[in-house]
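What follows is a pair of complexes built around chain A, which joins chain B in one and chain C in the other.
Here is the complex of A and B:
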């Protein structure tokens, strides 16, 4: 299996990936908590971007409501922990199925009635918005006034209950990101991955070749939803507070898809590179503005907008294919 | 509750729905001709609303009087957007166009946040608290003016597309892109004109809507979604459908606010959307999807 994953990857690419991973593993020993938090955010977006990419990048189904799966994962695990003291490691066995069922439901409705393209995207937004308003009135998890996990000043890390210092969360999200990378790599080189690419390129032709389009689109949605819900669990235990207005908001869904789009839709390194670029640049800008004593709400989003505009206008395939060419490690364009 | 309350709320919802319909009409015109979904629609409306608020607080100019100038400003904005940004994207994949407009929307909404701040702004006209009484029916004067203005603008747009040479040329582009090119129509320019007209619609709707609701920057994305809901419900690309959808959603929201809680009203709008997408994806008045 491992042999198949590295098949066709130039040696230089493998070496560079190894260096990157080693750097990320060693990073916490050299940087302060502020930078560590930024790295956590970057990896969070890299992970969610990877999960979203399965749907859009591989199977060609544009979802603009992925905040739904983040939110469902977050609320499920957090509610189990707060109300029943269930560890998040057990909680994920509830969170993942909940998100998968939601994904399957949306996918079933949409693909059954061949709702596609823009209509599908709007349907996904509609469900996320539906959940947002619904959770606003769902008092068991705090409704619109928010849901809070107990916090204290932790001196040591309790990995079982995910209570602790940033460094624990850092290694956790790093592990998730690596895991998602390998899963996507594996999927892309498997039978199902080729079916997805066929569907993405031409659904009619794929159907004519005998691919069960409905079934493979469902796989994409369910897998993507399940992986995304893990990010939600992480989100809940890292930030310790959940507001429907925040978690399910369309702005979250958009934020989550920026990294893979800027990095390169359908590529494996795109979401990771995109997350580094986007969060890295916006934090740098924030720091510079802060140094001059200006704090403008909304400036970060305007910056996101401008980045997105430039990438869409100038590099429609994303930044990663260009970087890969420069590094001489061209990833097989999928 | 006495029956008059239901009637009052229904009429209020109907009049607000007409304004929603005008907003959605802009989106529908743009999609029907250019086949691009304007993801910055609500944001463009908030721009119009802020222009109206700024004009009112600076010069005491009534938004209804300023309706035409505001629509003209938005027309220019739309024309420039289409000519400069979107025209090169006409033959790009759908998600690429989508992202372009998401980027524009992000910049607009947060640009407004930087300029005007997060506080809600409104317009207090001399007739803010007037109302008309017809039998048992009591209707806010503001909503009556708003509904009338929305109908007037929509009628002008219908007439333009039906009778003017340019309107007919634009409809020709919508019907047959290649055919329009063959007979020598400047399709790119007509597209820019169409986007401008759609933007003018939403500009007029914004100038009217500012009389009814307070404006904040986050209203933009919310109204983009609402415009989608309306247009898909009514039938994407159908002009009467957009107005009908607007009325339907306006009345649903008003009724949901009365029977349940006002904060849950958008759930009902989305509920209608889901039902329509599933059972009649082309919308109430839409033609069978091409």
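Here is the complex of A and C:
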């Protein structure tokens, strides 16, 4: 299993990822809490980007409503914790199925009735919006005035209840990102991955080769939703407050897909690189502006727009394929 | 000889237009059978019904002893019918080997044996040396062979070839003819082909069906069919007969 997870990764790639991982593991001992928080945000987007990439990059189904699965995961685990004192480690066993069922429902509607392309994307937005409006009135979890997890000044990390300092969250999201990378690598190199790519490239040809297109699209949406919900659980326990207007907002869904698009849709390392580039650069810009005493609201969004524009114009396949060539690593299946 | 494919009185209408009009044919196990006719005669529509891309409005299709009309194309492929598309549909984002591996994975669950099967097929189709190339970098003749390789990798009992020789130069046509003849001889693969290149039809087919305006106008051994006055009039033209 472990061997298959790293199978196909070229030696040089393995070495470089080892160096990167070691750097990330050691990072908290050398940087302050502010930088650590930025790294957490970067890894959060790397993780969600990978989860989204399964649907779009592998199976070719554009979802613009992944905030739905983040939000469902976040609210499910948070509600269980606040109302019943259930640990998030147990809570994920409710959060994942809830998101998967939502994904399966949307997938079933769309794929059974051949809603594809932009229409599928619109459908995913619609469901995220339903959830936003619905949760605004869902008073059991605070409705529109928000849902809060109890916060105290923690001196010790309580890993079981995910109460503690940023360093604990940092290692947690790092572990999730690494896990997602291995899962994606494993999937892409197995039968299901090949079938997804075939569906992405040409559904009719895939069907003519005996692939049950409906079934494999369902697998993609359900898996992607389940993985994304874990990011939601993390989100809830890290930020300690949830507002439907923020969590389910379309801006969250868009933000989540920028990293894989900039890094390279359908690649394994693209979402990770994209997250580092995007959040790294925008935070640097923010810090520089701040140093000059300038604080422009919306500057981050404008910056995201510019990044997207450049990538679409200059590197439509994303930055990672170009970087990979420069490094002499090519992602190769089989 | 046993009948592998039996098409009985199938029709397909698109709105008012009758694209295929009560066509029947029987293909024997191990046979190479050709469907010819002018453009718009309904050949590809007939294929699409056999392969499950379209539902037939009338008639029945029996493959390997079981009704297959009404099944979806993926189910029909699983039963053992492989097909190529007239307008080739390679997976452009994948390389040649990956294209064929997708087909090979239908009946194999581990990558190793799928890869081995893909390599065998690529060698048969003379594409092995190009296996690492992106499908988007292939020339049309190579794409046509990739189309065949991918279908073949699914281990079909019956292969439907839709104009795989169209647009090929004579030497490439000869190469394709040799490949199909070898496949048929060595593996007993049954082939039904739609073809305009009469040289290939004459060289390969044991029997020919001629369609015109959706209806069958002749069926029989190639030598007889090309002498049939109706076939000459509607399709081949007088100069085809010497």
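As a convention for this text, the second predicted complex is superposed on the first by the 323 of 334 C-alpha atoms of A that agree within 3 Å, B and C clash if a C-alpha of one lies under 4 Å from a C-alpha of the other, contacts with A are read in each partner's own complex, and residues count from 1 in each chain.
Here is the rule we use: contacts are C-beta pairs under 8 Å (C-beta built on N, C-alpha and C of every residue); 3 or more make two chains touch, one makes a residue touch a chain.
Given the structure is predicted, the values throughout are model-derived calculations rather than measurements.
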Clash or fit, chain B versus chain C on superposed chain A: fit
Which of chain B and chain C A:167 touches, first, second, both or neither: neither
Touching partner for A:205 - first (chain B), second (chain C), both, neither: second
Which of chain B and chain C A:195 touches, first, second, both or neither: second
First, second, both or neither for A:36, with chain B first and chain C second: neither
Touching partner for A:27 - first (chain B), second (chain C), both, neither: neither
Chain B versus chain C as contact partner of A:86, first or second or both or neither: neither
Winner by number of chain A residues touched, once chain B and chain C are compared: B
Spatial angle chain C-chain A-chain B, Cα centroids [nearest 10 degrees]: 80
Closest Cα approach, chain C to chain B, once both complexes are overlaid on chain A (Å): 12
Residue ranges of chain A touching chain C (in the complex, touch as defined): 189-191, 194-195, 197-198, 200-202, 204-213, 266, 333-334
Chain B - residues contacting chain A, complex: 37, 85, 92, 94-96, 98-100, 102-107, 109-111, 113-114, 118, 217, 221, 225, 228-229, 232, 261, 263-264, 266-267, 270-271, 273-274, 277-279, 281
Residues of chain C that touch chain A when the two form their complex: 51, 53, 72-74, 77-78, 82-83, 85, 89-94, 97-98, 101-103, 105-106, 109, 111, 114-115, 150-151, 154
Touching residues (chain side chain A, partner chain B) in the complex: 56, 62, 109-110, 113-115, 117-119, 121-123, 125-127, 129-130, 133-134, 136-137, 144, 250-251, 254, 261, 265, 296-299, 301-302, 304-306, 308-309, 312-313, 316
